[in-house]
Amino acid sequence: MVAAAWNDKTIRWAVIGFGLLAAAGWLLPTWVLNNVMFGLARGLAVLGLLVLWRTGLVSFGHALYFGLGAYAVALLEKYTGLTDVFVKFGAAILVAGACGFLLGFVLRNYRAIFFAMLSLAFSMVLYGVLVKMEVLGSTDGFSVTHYTIFGWNPDGKYPLFCFIILACVVALTLVQLYLKSALGFLTTAIRDNELRVEYLGYSVARAIHIKYLISACLAGAAGGALAMALGQVDPDSMVNWTVSGELVFITIMSGAGSVVAPFIGAIVFEFLRTYAFEWAPQAWQLIVGGTLLAIIFFLPGGIWSVLEKPWAKRETDNG
Amino acid sequence: KDTINVGIASFLTGPAAGPFGVPGRNGAELVIDAINAGTLPAPYAKAGFAGAKMNAIFIDEAGGNAKQVGEYRNLVEKRGVDAVLGYISSGTCMAVTPVAEELKKLTILSVCGTPRVFEEAQRTYVFRTQAHAVGDSIAAAHYVLDKFKDMKGYTGINQNYAWGQDSYKFFDVAMKKMAPDTNASDNPQFPKIFAGQYGTEISTLSLDPAKLVHTSFWGGDIEAFVLQALVRGFFNDKQVISSVGGSAVDSLGKKFPDGVVMGTRGEYGLLVRNNKEPLNAWFVEEYKKRYDAYPLGPSYQYANSVLALKIAMDAAAEKAGSFPNQEQTMAALKGLSWQSFGGKISLSLADGHQAVHPVGYGITKWDKEKGAATAVDVKFYQPECIYAPAGQNSVEWLEAGMPGAKC
Amino acid sequence: MADVPILRVRDLNKSFSGIVAANNINVDVAPGEIVGIIGANGAGKTVFVNMITGYLKPSSGTIEFNGKDITGIEPRDATHEGVCRSFQISQVFMTMSVRENLLIALAIARESGSAMLRPVDHPELTEECERLMAAYKIDQYADSTVSTLSQGVRKLLDIAMAVVANPEVLLLDEPTSGVSVEEKFGIMDIVMAALKEKGTAVLFVEHDMEIVERYVHRVLAFYQGEVICDAPPEEALLDPGVIEFVIGTDYHSANGTSEAADA
Amino acid sequence: MQLITTMLLDGLSYASYLFIVSVGLTIIFGVMKILNVAHGAFYAWGAYGAAYTIGLASDNDWPDWIGFVLIFGSAILVGLILGAIIERVILRKMYHEEEVLIVLATFGIFLILEDIILLVFGVNPYFAYQPMALLGSIKMGGIIRDVYSLTLFGLAILVAFGCWYGLNKTKWGKLLSVVIYDREISLAMGINVQLVYLVTFILGATLGALGGAYIAPTISVAPGFGIDVIVLSFAVVVIGGMGSIPGALIGSLMVGILRAIAVHKFPEFELFVIFAVMAVVLMIRPEGLFAPEKARRI
Amino acid sequence: MLKIDGLTVDIGSIPILREASLDLNNGEIVGLIGRNGAGKTTFLRALMGLLDAKAGQMAFDDVELMAVPAQRRAHLGIGYMPEDRKLVPSLTAEENIQTPVWSMNIADWESRLAWIYKIMPEAEQFRDRPSNSLSGGQQKLVALARALMVGHKLLLLDEPSEGIAPALAQRMGVILKDLKAEGVSILVAESNIHHVSDLIDRMFVIERGAVAEQAMS
């Protein structure tokens, strides 16, 4: 499988790219490092949404899993004192995955706007519970301050940065292999014609359930990673519908063309927002909205479509 | 050094901008300009912050705690500010505090009220020039019991988020401790924040036998509530006590009903509008001149944070004999006690990081002749009466019946 | 022909709020038999195909396949059992290329369980895919997105996708409608030859009597939900009811010329 | 008994509110298949328009009833201007794109319009309470109620009937169903698709603005208050079924009444009501109460 | 009455029709014959304005069609029956037939409808059923009826007999001949010459986007 992965051009270049990024992180100013880290963390969730989007589904409720992941990390630290990043990260994925697996039985029967809105409803239930429950921090949430790696208590964020990069590489590789497999290939087919897929002999509900589970795990991982990177969880930044909306926003801004796109898009978004915020603290939404419109107009394929051409050209040059 | 860069966070967009963020920023801006120019009244007439001019970088507090954590990092790590001031939302204060500690950056919180900031851990780099919210609710209970002894029970309408939940909880506990035989309603209302439509809630409150209604609504929510309740004759029937609805008194003007108990979380705003104490008079005067409105609570709160920084830096400079570094400034700030634009403030809790000051309430009254809102029957409660002694957890202290309170 | 029917349909009924689309249909199909289904428009041919393949649940009656009751199963289970179909209105993956369409069909048919996680472009699948495209004369469109192809090409692709699972019973709903005259016999030759080799039983709905005459062993004629004639083509096409309701008089009068043209 | 009447009246008035704020979205969604996030901005602009003009009128001591004229006037003006500009300049170029992309575009428009509000009107609240004060109050079921909220109910019925009639009983409404289904066949049947889209969008925008304008007298018109309306109205539309006016009406009623019961009896659940109703309705009817017909495919 | 000259159509950047020319006289039925993918549908769609033509002229009576926006072309009396039916699923069969009536002034629509039902009694049987429940062939009939509603001068029929039972196709041929006698011109696109060989007066063969007239055998 490792060989199969290395044979894939996208994965090969992504691994190299991420490796360089990890190395560069050593030299980057902290604020850049932070923004990249936030972007990468969100990129994980966006990668999950990309898997869904390729099959024509858009979820307005993935903040549910994002939030579950983030809260898993925060609660684990607060109530058990466990701080190891692998444990935290694993817990985030596990909790989100379990929830996604269960809700998947319901959501796999929905499509289009109804899928989107039912997801939203579920996520808002979690939001409501969090806001109500003081033990869960209500709207204030918690801080997530410590992390350790196999007992080592590092200083600064650089090790965490490397960890998140590692997580991204693993996620990206797995998703790319999945998308290229027969099962992943079904993605577009289902969007185009479910009836035919059924008649070919595959259960559409099952295929969607699998995708949903993948996206839930990735969103959980993203929430967990962001909670650690940011040091803070709270319902409004992790579970509210605006968070889901933002993830969808980045997904489309990035483009569905490649598994690398979500990470690029999320990082771009992070910087766009940082600068918009800096330049126009009273009108930053205007800048973000304007950029959004511009992207939709001039790059309907997302940011990826800018990179796609040189990328495709390489392909023909090489082979 | 002749300039310092200071990040100042307050809501510049969204629903909290009008009632809190912009008045707060204006208060800061007014005072910063005056300090830079050396035009503050005595004893603060000396120009600058230890002689340096402050370059304020205003940022928007909207967008949620997580985003603010990121923005805080950007302020410190990217824009290299010398200190950070401000913050209105309790959640955001909770969120940026650990980051401030991590980044070791002097941060002065201006408005937020949750006691948890300093009671969950000892802070080194974070200060708050505003007293915490437990005192607001205790003072409210005192005022109610002083003025409306024979009211029949109480209920509340508060927004469904930490601030609203805490405010009512503190008020409820304080009432239960101070007047165990008053009836607490079993159906207090917690509508969603920014819901805007309160028809159903007003019906519920009307049907409730309780006469007194506590609310920590602010901004558009209190304004909408007042408008909707007003047509329904709600205020004829119920006594409303509002802890932070001050902005509505001015925005609604003569439409705002008389007889509402109104607090400002300190010696600020409406309650001290006609107070002739020179610093306050200067502040009200200049603010009105520049922004064509009365300063609200947050205007004072931000101005006080700025002033505290100036006092500390000046003192530190004097002591060090040179431009003070962050440690020196913090040492001077710790435990500081100063005459602010609204009364005296002392950083006497949490090892000199958390402020206490009197908190008062008054009753709204429209002054026809002046065409302005006023407060009558204003009464302030002293810190010894409403805050837990240093080192104690204030919620536990409140629940224990406020032992040792001197009122 | 073997005695045991591979498909046995008993007393099949279906109505849609008052409209009777299937009325007591009884049909046996022997393995390897080729059956032409003809009928007026709205006679219930497609509904019949839909019920056999599980898309519609019959109001009453049973369908047995190889002695097993398959009434009301899901379409995908019908496919697993060995009952496949093509569609009157092509059901293909519009935003994908012809090759990708076939690759998916092949992958689902050939892989199962975790093998679905193998990449689709491994040689076994791709080679078979190329063969199929060549056989159905759609290889020149291999890389075109289906939405840019004409109706006729889509039809061919649709049929190709139906046969990849090597069914034992194949139902084709109007396989040649919309296919140009130059191709239709060629296609049917290819399809039928391949199927004959495997002994697949084929039921195809057809409005083109030349095709019916040329390929089928038996004709089922539908009218208003009923089978009005079940006989070998020589007989069925001369049945007065069939002529009146289904094929009209033109066909027989023009018969001589068309046969000459095809010769 | 008193409690029941109160709950019913509260429920009805909240339902009217929900319906009024979501009907514009339903129309645009139903006809153009665009989930219009900018609806929240139309709502806000309608409210600002009404609040601003009513404020002016009151400063100039015009009679209070003028307020009602201004409410409708400003809604129409806002709908006409914003609707026409957005449809012609932005959406028209996007109809061939994927639906999500259009949703995102409307989101971009929303962000921009929101900030323009901030730049034009500033952060301080605007009020337009005169119409509500003018109508005064009335005692019903032992509780004082404001007449203005009751008129909301009338308006909801009126708008619902008007839209339903227009969509189902007029030639124009029938044309819409052709346009909804397919652009090419509409053109081939001589339908001016562009005009239909333009008019529909303006209508939807006007109704969105009317929602804001009519609600304005009861609230504080301040930045950011359009956001929550987006989720509320999405939920109503989904519950009712895509683009169905009767669906939106029934959906609003269900949410309104259940919410009233919750507020009176189980306040902890108030926040969940709308989403609970949505989840339950979708579980039972996966495409909402009144799902549109689908094409037969095989 | 219809004269098309040098019609060139690209989709994206792919040339689909190349300088296609065709003419049609009053009261004539002309076949446009070609195999799958030859460009028949493209030709008809370009005529209706559903695709933009890159070059060429299309004179219809005295009107230059290129200058008429798509939605106005039907108003000239051109009825179009698309190959893939395109019935509005939420409407009944009869409402589908009526759609042109809602957008245009068709004064005699009621008598036209009655006439349609007379020549296609099948259609009358399912007039009140939702069109999404109809069978493929029934939908084809409705699509034809809808085209008849508009096309009092010219009918553009894209594979009208595809999926139609031969008995009905035979009757349809008769109907079209009757129409022709009334002076309606008809352009039929077909991939199977046998379906229309008795019907058409002249035939144009289209191959890879190039159109040429061919003598009838």
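Every chain is named by a letter (A, B, C, D and E) in the order it is written, and numbering of its residues begins at 1.
The definition used in the following text is that contacts are C-beta pairs under 8 Å (C-beta built on N, C-alpha and C of every residue); 3 or more make two chains touch, one makes a residue touch a chain.
The structure presented is a predicted model; accordingly, all values stated were derived computationally and were not measured.
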item	value
Farthest chain (mean CA position) relative to subunit A	E
Chain located farthest away, centre of subunit D as origin (C-alpha)	C
Centre-of-Cα separation between subunit D and subunit C, whole angstrom	50
Computed distance of Cα centres, subunit C from subunit B, in Å	77
Rounded Å distance, subunit A centre to subunit E centre (Cα mean)	51
Subunit B: positions in contact with at least two other chains	12-13, 160
Sequence positions of subunit E contacting 2 or more other chains	133-134
Multi-chain contact residues (two or more partners), subunit D	115, 118, 227, 268, 271, 297-298
Contact set on subunit E toward subunit C in their complex	11, 14, 34-38, 41, 83-84, 122, 126, 129, 133-138, 140-141, 159, 162-171, 173, 191-194, 198
Touch list for subunit D against partner subunit A, complex	35, 90, 93-94, 97, 99-101, 104-105, 107-112, 114-116, 118-119, 227, 231, 234-235, 238, 242, 268, 271-272, 275-276, 278-279, 282-283, 286-288, 297-298
Touching residues (chain side subunit A, partner subunit C) in the complex	4, 177-178, 180-183, 185-186, 188-189, 191-193, 195-203
Residues of subunit A that touch subunit D when the two form their complex	53, 58, 106, 109-110, 112-114, 117-118, 120-122, 124-125, 128, 131-132, 195, 241-242, 245, 248-249, 252-253, 282-286, 288-290, 292-293, 296-297, 300
Interface residues, subunit B side, partner subunit D - complex	12-15, 17-18, 21-22, 160, 187-192, 194-197, 199-201, 203-204, 206-207, 219-221, 223-224, 227-228, 231-234, 248, 251-252, 255
